[in-house]
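Each of the next two complexes has chain A plus one more chain, namely chain B in the first and chain C in the second.
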Partner chain A sequence: MAVIRDMMPAFELFQPATVEDAAALLREHGEQAWVMAGGLDSFDWFKDRVKRPSVVVDLGGVDALKGIESTADGLEIGAMTPLTDVVRHPDIRERYGLLQQAAELVASPQIRNQGTIGGNNSQDTRCWYYRDGWTCYRADGNICYADTPTSMNREHAIFGADRCVAVNPSDTAPALVALDAQMVVQTAGGERLMDAADYFIGPSIDITRMTILEPGDLLTAIRIPSTWAGATFYFEKVRDRQVWDFPLVNVATALRVSGSTIEDARVAVNGVAPYPMRLTAVEDALRGGSRDEATAERAGDLAVRGARALRHNGYKIPLMRNLVKRSIRAEA
Partner chain B sequence: MADIEITEAADPGVSRRNFIKGVIAAGAAVGSANYMFRGAGSMFAQATTPGAVERLITITVNGQQRRVDIMRQETLATTLRYKLGLTGTKIGCDRSECGACTVLIDEVPHYACSILTHSVRGRSVRTIEGLAAEDGTLHPVQQAVVSEQGFQCAFCMSGYVMAAVGYLQDNPNPTRADLAHGLSGNLCRCADYNKILNTMEQAAENMRQA
Partner chain C sequence: MNFLTWGTDPWGQEVLIRISWDLLYVASVLGILFVGAHAVWLAFFVQEEAEAVDEAALAGVPEKVARHSLASRVFHWVMAAAMLALLLTGFLPVIGIQFPWVTIHWVAGVVLTLSVIYHTIHATFWLGLSAMLVGPKDISDAVSRFKRSIGQDAPAPRKHGKYPLENRLYHHAITLTGGLVIVTGILMMFRIDTPLWARDPYIFTDPTWGMIYVVHGLSAVSLVTLVIAHIYFGIRPEKRWITWSMVWGWIDRRHYVEHHDPEQWAARSEGSSGQR
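== the complex of A and B ==
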């Protein structure tokens, strides 16, 4: 799909050094401004001339947004922390391995060196009709090109579709949802704290955005409470090739197991809906159950209840069922 | 009345023509000073928005300070190849999907096609041209490429070498599987992967002995 042309179209570039300066620039330029983190999603849009912002605010120089710190109750990860730093952080490896596994499976080493945890969670969908610049619902149009009888929709949604059938492509998002992470968002009205699950929105809330961020808002940090520290984790990502690719489906599971009894559970799946899906019905069914084949089987069946396949993505239903099942029965 | 002497110019150093030339030159000097010293805190600098960027910047490439005139939207790969003549860095896909443009920024591998040149101010860029020693002695990874003949067409080679240098500096004792994972951000269209991995195993050995 990539067509090489000489250069990206021109834009005005700002590289603020503080969050305050960044916020002021975003307020000043409003909807004209594009917030850029690592730039890997942004440059695709610019090079393809599908999105042509007149102002780009590059957060790469804001040191206050980088780094991982221990807090009284867990960890705080700056939104501009590269994924490689997340993968290598000793505390994340030791106590929040779910996030480390998810981050390590993102794209390629070079992309993880530059791509950030905030950007990975705020990236746009990969629906190619939309990314190719077709004026679909998500691009303020009046049709979904991926949901017609002749559409190629192998990678699209089996849950949560509302006019638009695109999915969220992030690997770290379901891990954050499963870890009960909270997102720190800087808005014009001050700082807002929200559950990771509420940060991601579907087309029924706003069809043009993947996250709750409105123009002028900034994701500044991600807080991971110690609730699930050291739990039994399982992350698996299925993709067409073993590097670089976005997930077809991924699963992030955290279990508190005592003996063979599951005391508590978090299960989140991505690549199946416009947002990372937390499977609360599955969690309820797991709580108090024993960790065995029958429980895993039931969890898998519950997970896909209500799924609706498009013409070419029916395989996602057994794939998701089996991934959830495998995440429960796997030995730590 | 005969004692009154009329002369054309009181000061022979300032003729009408020279005066006009002088005004033009002074204007040019003021104008170019404004251009050259913007952002350097000179008296000519205008109050700028925080975070605004300049056209003329200095970047560090292979240990040298290079002054470049760049556009806002210019990528590092473009600057290296077309402004600085460092054509060892290749542009394959221009979409962070192939790895041919890999360079080290502060010794960490990045795709040069997917980072703005403005983002490497104050950081140190190393390209394939900056690997060999001053006297021409090849880097251990380059030596392995020569001795193992790992590449077929070698368009992807400089990207692979830079990715390997970055990876091996952090991981001096990789297994073959580790190497495959560490170099998984680079593609070879000749599909020469086995020979590339042989080469990089030799490169790791060379680096350990160096």
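== the complex of A and C ==
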């Protein structure tokens, strides 16, 4: 890990009070601007002196980006809503328990008080080679230090790697993908609405970014439709330290079950690829099947088809297989 | 503007990464400036010199003079398609158009490499290399041609052999840049996953990899300029008969007599067994 130096390089700090001002600042400063939500990812970068933006736009004062509102078709969660608020919100607990479970497993209570739902979904990867400031592919270099014969790559990808093998570390991202959530992004061309699954991008598209956000763009809200409200949910996260840690693998599953028949399913996993993976092949196999041990077994096997282990992360394949399996057979 | 991009290796040392992408814009602007300057020069400064065609000579020349065999034409267009695919997949992401480009890029690179190997064998053992050589007389002819084009006195230059001097110089520039981009590209394929061989980023040290990336980048941006110039000449009205010969394989007898020296390039009828 990089040594925390506790002295951040100087930058110009802007603290807008409105979404319009924040968007204007981001457009004005483009690639020079850094968007700061809860600051938990940002301050690591700054104190390690790896990222040195000349402008930081702190969204903490933009009240319009905070809060959870019921809409005609579900919920709208402001991007700056703290994770604790997401966990405690009665509607989320009652109807969208998958998101509540996922958010509750993010880090520690202190971090959930400060961390935001937007930040949790837009955070950068935790690959330590990258975060240590080495000029790897993701840092605009020409090598992946985590994918060499001697690399320490226990936490890295078994799917979706393309030169870079870093993974997405978010817990709430797979839950949002499984809930068919939509991300509201303010761009120079106006507001864009996209599926959560399309918000995250892999290195084959752009090796230096984890999300579709480009300089000047701002994630303003997350909309959760009522499609999966009250469904049967399962979220499980496996991590090294149970107190608080990033996921080695997590799984978010939503099932519509009638009797013992699975009518419809959403299964997403994270920590195994550079983006939260929706397992559409598993969903197709589940649809119309009975919710039993054999179906769960088949889903687990199908989930890891095509997985490719690096030197030290082979354990992720059986881990992911078993998590998917458990998510299907678990009693509601 | 920067020429090179540097990074930091695990030992904290500054290490060469690649060229600066500023050079892509420089190469593009150079290509466009060349095209504009050449078009202005031709339109306003060159005095057209009508080449006298010996009508009697026309009678002894086949109506369609074979210029490029089918094999040569197929090579040219395969190489062109591969080259365009390589430039687009290599540079569109640089200018902000993001898509999964790596697989298309290396597959196009393999196609280019195979086509160039084929062309090298074909040219060496079937076409012969002499038609591509550039000698002192070619230079003096080019100087005479230039002087006459701007109205100065100069001895009449010889007509061309099979290929005008510009074609041969362009071919050599493409051989150099294309050769460099192919060799470095093949080495760079050791850094990505392909079915061809096991990935191994450790076959060279970081500084050596940096040099390989720089040579690849410099060659590639040079190709941007060269391809702009090539397409420009290919679509210029007075050059289109050459371009069409790369499609149909032949030129008409008037263009042959007007531009080519039978001593250096004997006319053969299109479709004859001697076509190469």
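Everything below uses one rule, namely that the second predicted complex is superposed on the first by the 329 of 332 C-alpha atoms of A that agree within 3 Å, B and C clash if a C-alpha of one lies under 4 Å from a C-alpha of the other, contacts with A are read in each partner's own complex, and residues count from 1 in each chain.
The definition used in the following text is that a residue touches a chain if its C-beta (ideal position, glycine included) is under 8 Å from a C-beta of that chain, and two chains touch if they have at least 3 such contacts.
For clarity, every value in this text was computed on a predicted model and none was experimentally measured.
Participant: Now for A:193: first (chain B), second (chain C), both, or neither, which partner does it touch?
Facilitator: neither
Participant: Check the contacts made with chain A and report whether chain B or chain C touches more of its residues.
Facilitator: Ranking chain B and chain C by residues of chain A touched puts B first.
Participant: Is A:60 touching anything from chain B or chain C once the two structures are fitted on A? First, second, both or neither.
Facilitator: first
Participant: After lining up the shared chain so the two structures overlap, which partner does A:111 touch, if you call chain B first and chain C second: first, second, both or neither?
Facilitator: First partner only, chain B.
Participant: For A:244, is the partner it touches chain B (first), chain C (second), both, or none of the two (neither)?
Facilitator: Touch partner of A:244: chain B, not chain C.
Participant: Tell me which partner A:43 touches in the superposition: chain B (first), chain C (second), both or neither.
Facilitator: first
Participant: Looking at A:10 after the superposition, I want to know if it touches chain B, chain C, both of them or none. Which is it: first, second, both, neither?
Facilitator: Only chain B; A:10 stays clear of chain C.
Participant: Give the list of chain C residues in touch with chain A in this complex.
Facilitator: 5, 7-10, 15, 17-18, 93, 98-102, 191-192, 199-202, 206, 209-210, 213
Participant: Provide the residue numbers of chain A that touch chain B in the complex, in ascending order.
Facilitator: Chain A reaches chain B through residues 2, 4, 7-18, 21-22, 24-25, 39-40, 43-44, 46-47, 56-58, 60-61, 84, 107-111, 113-114, 242-244.
Participant: Sort out for me which residues of chain A touch chain C in the complex.
Facilitator: Per the touch definition, chain A meets chain C at residues 133-135, 139-145, 147-149, 162-163, 201, 204-206.
Participant: Under the touch definition given earlier, write down the residues of chain B that touch chain A in their complex.
Facilitator: Answer in residue numbers: 49-53, 71-75, 78, 91, 93-97, 99, 102, 108-111, 114-116, 118-119, 163, 167, 181-185.
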